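Below you'll find the structure, written out as structure tokens, and then a few comments.
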Amino acid sequence: MTAVTDALRRQEIELPSWAFGNSGTRFKVFSQPGVPRSPEEKIDDAAVVHRLTGVAPSVALHIPWDKVDDYAALSAYAKEQGVRLGAINTNVFQDEDYKLGSVTNPDPRIRRKATDHLLEAVDIMDQTGSRDLKLWFSDGTNYPGQDDIWDRQDRLAAALRETYDRLGEHQRILLEYKLFEPAFYTTDVPDWGTSYAHCLELGPKATVCIDTGHHAPGTNIEFIVAFLLRAGRLGAFDFNSRFYADDDLMVGSADPFQLFRIMNEIVRGDALDPANGIAFMLDQCHNIEAKIPAIIRSVMNVQEATAKALLVDRAALREAQQGGDVLAANAVLMDAYNTDVRPLLAELRIEQGLDPDPIAAYRHSGYAEKITAERADGQQAGWGA
Amino acid sequence: MTAVTDALRRQEIELPSWAFGNSGTRFKVFSQPGVPRSPEEKIDDAAVVHRLTGVAPSVALHIPWDKVDDYAALSAYAKEQGVRLGAINTNVFQDEDYKLGSVTNPDPRIRRKATDHLLEAVDIMDQTGSRDLKLWFSDGTNYPGQDDIWDRQDRLAAALRETYDRLGEHQRILLEYKLFEPAFYTTDVPDWGTSYAHCLELGPKATVCIDTGHHAPGTNIEFIVAFLLRAGRLGAFDFNSRFYADDDLMVGSADPFQLFRIMNEIVRGDALDPANGIAFMLDQCHNIEAKIPAIIRSVMNVQEATAKALLVDRAALREAQQGGDVLAANAVLMDAYNTDVRPLLAELRIEQGLDPDPIAAYRHSGYAEKITAERADGQQAGWGA
Amino acid sequence: MTAVTDALRRQEIELPSWAFGNSGTRFKVFSQPGVPRSPEEKIDDAAVVHRLTGVAPSVALHIPWDKVDDYAALSAYAKEQGVRLGAINTNVFQDEDYKLGSVTNPDPRIRRKATDHLLEAVDIMDQTGSRDLKLWFSDGTNYPGQDDIWDRQDRLAAALRETYDRLGEHQRILLEYKLFEPAFYTTDVPDWGTSYAHCLELGPKATVCIDTGHHAPGTNIEFIVAFLLRAGRLGAFDFNSRFYADDDLMVGSADPFQLFRIMNEIVRGDALDPANGIAFMLDQCHNIEAKIPAIIRSVMNVQEATAKALLVDRAALREAQQGGDVLAANAVLMDAYNTDVRPLLAELRIEQGLDPDPIAAYRHSGYAEKITAERADGQQAGWGA
Amino acid sequence: MTAVTDALRRQEIELPSWAFGNSGTRFKVFSQPGVPRSPEEKIDDAAVVHRLTGVAPSVALHIPWDKVDDYAALSAYAKEQGVRLGAINTNVFQDEDYKLGSVTNPDPRIRRKATDHLLEAVDIMDQTGSRDLKLWFSDGTNYPGQDDIWDRQDRLAAALRETYDRLGEHQRILLEYKLFEPAFYTTDVPDWGTSYAHCLELGPKATVCIDTGHHAPGTNIEFIVAFLLRAGRLGAFDFNSRFYADDDLMVGSADPFQLFRIMNEIVRGDALDPANGIAFMLDQCHNIEAKIPAIIRSVMNVQEATAKALLVDRAALREAQQGGDVLAANAVLMDAYNTDVRPLLAELRIEQGLDPDPIAAYRHSGYAEKITAERADGQQAGWGA
């Protein structure tokens, strides 16, 4: 049990700054009271989540949504709040120029502009001290024939190469894939295979980022996790959950058993410890639910799935597997999954000087009322679509 | 062949006013030059499509996007342009109040407000002379437990009943269904079965509207068409196409064979003639392609699929089917599908005094240049998300 | 808590005789030692499951797989073993005649033969005292054009009508639906809507059977449960689980949270008690795992999901729902789901004089060794494909 | 146009011996009159298809279904009939030993046996002169926890390595992938990425085989085609079509537009000519339709899709793509797709001394009647499940 709590004590989950801002669907973005108006206020909110849960010490930024003049100052600000800046996310999808693609656009001028944005993001990383450059491209096409699939791969490879070559020694690329949306016919990095192939070509500092909502129906995500761990190319997760497409719901809310199976592969592959270099990040949209408590809940969901995965009796599992006892092997896994780990995590929090119930603690903290009052004026942060 | 051309001559396809406005995804709405700024300008554009194709004589409105003070005047304006106003579409999804639902909201005040909007839409129908009230509800939930599924059905039934009872003698409800988006866990009218069951309960003036992009992967849409025709409850189509989810691409662009199979059931069920009461409407978003030519192309795609369906040798098909000759029956269908019907349609257009190539005619008309210049100022119409 | 254990004590789960026989995929049927060779031996095995779990008092038969000369004798035999005969399942898919369909076949002779089989099944029900006639039709087509969708509905309706009219006063039809397999283009009863529409037409003794593996990807099954309960037309479940298509894995093994959500609607709709007429049946294939313990595990999985659903704090849930508190409502549900109900169920078993661990009890019982030895000769039961 | 007909004249499609035998679903295998009883009779039937279509000069074998004592003699027999032996397909899924896997089985004895079968297949290739060893593994698991995903990859890699090292200079591996079935939780080679990664590791003689029915819903197959062509790792197609899962219907029957888009990438990547090393094979099951004419139809469907792809105006397409004209680019593609290429192919056949209508020619040939009479006795070939 000490091994379990030790592992849980070292766990780190990265929060996305944008999850604190307003978001929505193409049909409507609903606004919420108290939503941050600046990168600093997003960091404030993230710091609250970390103070209450103890496992969310870093905040990912999204450029240009979190553009500031002085990233060193932002970094210092974060430290004062008890957190640090994490991955830098690029955004090459919200400019009129990018209608037909960014780095894969048929127009070389637009490709240049997009690639320059990627390079600029590495500049920012130099200032924030971030290790990870997360690249997600919305690039693709909507209609058969619209553009040449092969050529677009060439253009993608060129932009990635240029960006890769700009990376510092301790920096790396996390290349995200997504089946569809906003592109509706082809997407230029639609699946893990495409991301993996480009990473191999680029070199050791390029790894795959798995967003749990970005797959075709029926895809076995834990298989991909195991495969990439074995290949040494899993860089990060963007956690969220989905019933249909990229719904960006709270991680663990749609299929908690799947989340457990994913974390089970992480534990099996000895990849939980932050020292092993896998970044566990949230990437969610809280369209209708209160944002900060939704993020607290999400963090707790990942913790609970992790605790269950750590409880799997590995020796018994292996014995059953080796003996070909299908039911016994499945039972070992389910035994851990069916365990209620909430008491264990409550204890861990108490031991760390935290409230055993972070949600209740948030409710009683008065923070929601405070930001609702303080942030009543000004422009709320959002996706800017 | 006379029967084929006669049927094609009588075909009518309804255009959605909103397809002429800007649209996009949650990531970005790209704007286009020349986009209309008012309901009248949308009607202007729709009238151009009708003048060039000869089969798009009506325009569906979306309330409140097309709200005007004087609907009779709008109706008269449409007539002057050579078209008429068609279905009235309600919108109970873009008000902050509707965050947790409209007619199924747990809050009775919001349900009242939403239902009042539906009743107001019938008032508008009285003024426009529209027959069809198209109801699409984005209502649903994002998280298990969020609301009670059963209660929401009760609330839905109550709002539908009140609206149904308000209908005039020659008015009817088209109840649309959609699997998901913007709701990501439950949708209150997720499938044709739900829509059909409510229609049965309401009475003969309630029929199902099939949006071709609103189904789970693998759903056989033509089966639903045949089933509803047999049951006398198919009211309308919202045509568009999709590779993944509700992509709202040009109808016929993703799976032209599916569109043909749908039209084949229409012809088989003798439901093509406008006199038979099925409304064939487009419901699309032209996010990255030029809007007016995209709509012309869509209209032509429906025409071509219809022509092929009309060419199916029904006697030979029935004989092969009755004889259990799988390959022969399939071959009869494929023979029609593989026929190039473009010459036939070009001839039909010439006979009707139209240009045989509506796309080229549009390009040469100067209309695009004209509206780009004339509509440079002002607020472009859009989804308003 | 008394209410919870009372409800659990009354719960009944029906076992399918065929799950004890060999099964497989189109690629291979693997045989297992000790598999039954007769309906009586299947009943023996089912009785073992009931003796160990206390909640599986009935066995569904499949005709002709379980054809015997004297059904009254078989019924008496079952009673001696401590179980009773349950639903009668018809099989109109394993005769060369049914290649192009059974009750929907274009050939009237074959339709007659298939319908006669259904009527014969009611004769058997008269002898076994069964209440439920479960109808699943593999009927459909593989190729567009192969047969007429509408005509097939007419034929289906006629066969159902004839069968319905033959039902005794306390007998009823459970009409199952399935998206696809073995038909690969259209299926004549592909979804709940089709089944529901036919049931409405037939009369009050016709209800829908939900097989949890028979849906398109992304279908929300608990919505269908709630809808049919509200409509008074849910007759039965065929429980199993799936990651992809109709995988027929052990219920609760692929998505235990979904099973919980389904049982939550059952409890919410007050439909758990056997007196309320919903039949909870397993319908699974244990292709690679030992069959009897797999069925014990499946029964326990349903029990555990039920216990969790019974633990949902309905008052708190309703309050959060009515107040529009998305996170609180979800948390009430998740609190129940995250509870480890195994101790509660172990206690219940002890109280009923059972071993608290039915799987271990089976392992220690020597039954597996006994049947392996006794049933070494003869023809093992199977699907007969 | 000469370029088009030249390319069509050189096209080659490989037929699978097993498509001539009986097949079915797990529910039922329906038998057909005249089905072959031996590898020689399968070759006879394949030769008929080639004689009628002129584009199917080779036959793939499946071991052990096509096991013979003397492969050189079989090869000579094929040559006499006017065809040659093609790829050797291995079968490590129909032995009781393979219940929990073949080359990935936890039991080293079984892995050895399975790998030996692969090596034996290379021995056969030495005798038949086959270039291609097609490997499809049904290996996987049905339940979470059943076996270790990572370990299974290690075992797979070891078996592939041993087989690869056994290949002769002009032999190669085609590694097929499949999402699911018969394994229902994990499959050891579930997607193109997994296959590609193993091929990279193995060396230049390992390439990916795309079975068009083996993907998750919504997968863009032509993207994979383009990607693998660019990477130089596309080895072969197993053509068939599907509406739902791995339905194995006639290629082009479910989504002819998809088949066209696939062939369009082939033409775009200059990969049609047999000299370029891509094998175009059918892999289908004709469960309910007459087998030989179904295969003729399938061959014709591939031909028609190819002819349309060859008709695409590449210069116009590229110009529209480069200019960012979405509609124009799509229109160029659709113009080719909408062309009726049957007259062109009829002409080509006449020029080659063939009947312009191979289906009619088959019907009139008397071959069906001949084999029905001659093959009335004996054991029909089938899948042997």
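We call the chains A, B, C and D, going by the order they appear; numbering starts again at 1 in every chain.
What we mean here is this: a contact is a pair of C-beta atoms (placed from the backbone, for glycine too) under 8 Å apart; a residue touches a chain by one contact, two chains touch by 3 or more.
Please read these numbers as outputs of a predicted model, since none were measured by experiment.
Enquirer: Give the chain pair, either A-B or B-C, that is connected by more C-beta contacts.
Expert: Looking at contacts between chains, B-C has the larger number.
Enquirer: Going through A-D, B-D or C-D one by one, find the pair whose contacts repeat those of A-C for over half of the pairs by residue number.
Expert: Overlap exceeds half of the contact pairs only for B-D.
Enquirer: Taking each chain's centre as the mean position of its Cα atoms, how many Å separate subunit A from subunit B?
Expert: 38
Enquirer: Based only on mean CA positions, could you tell me how far subunit B sits from subunit C in angstrom?
Expert: 39
Enquirer: Among the residues of subunit C, pick out those that touch two or more other chains and give their numbers.
Expert: 100, 142-144, 179-180, 185, 217-218, 220, 243-244, 253, 257, 288-289, 326-327, 330-331
Enquirer: Using the touch definition up top, name the residues of subunit C that touch subunit B in the complex.
Expert: 100, 106-107, 142-151, 153-154, 179-180, 185-187, 190-194, 196-197, 200, 215-220, 222-223, 226-227, 229-231, 257, 261, 265, 268-269, 317-318, 320-324, 326-327, 329-334
Enquirer: Where on subunit C does subunit D make contact in their complex?
Expert: Per the stated touch rule, the residues are 23-31, 93-94, 96, 98-100, 138, 142-144, 179-182, 184-185, 217, 242-245, 247, 249-250, 253-254, 287-289, 383, 385.
Enquirer: Subunit B touches which residues of subunit D in the complex?
Expert: Per the stated touch rule, the residues are 217-218, 220, 243-244, 253, 255-257, 288-290, 293-294, 297, 304, 326-327, 330-331, 337-340, 342, 359.
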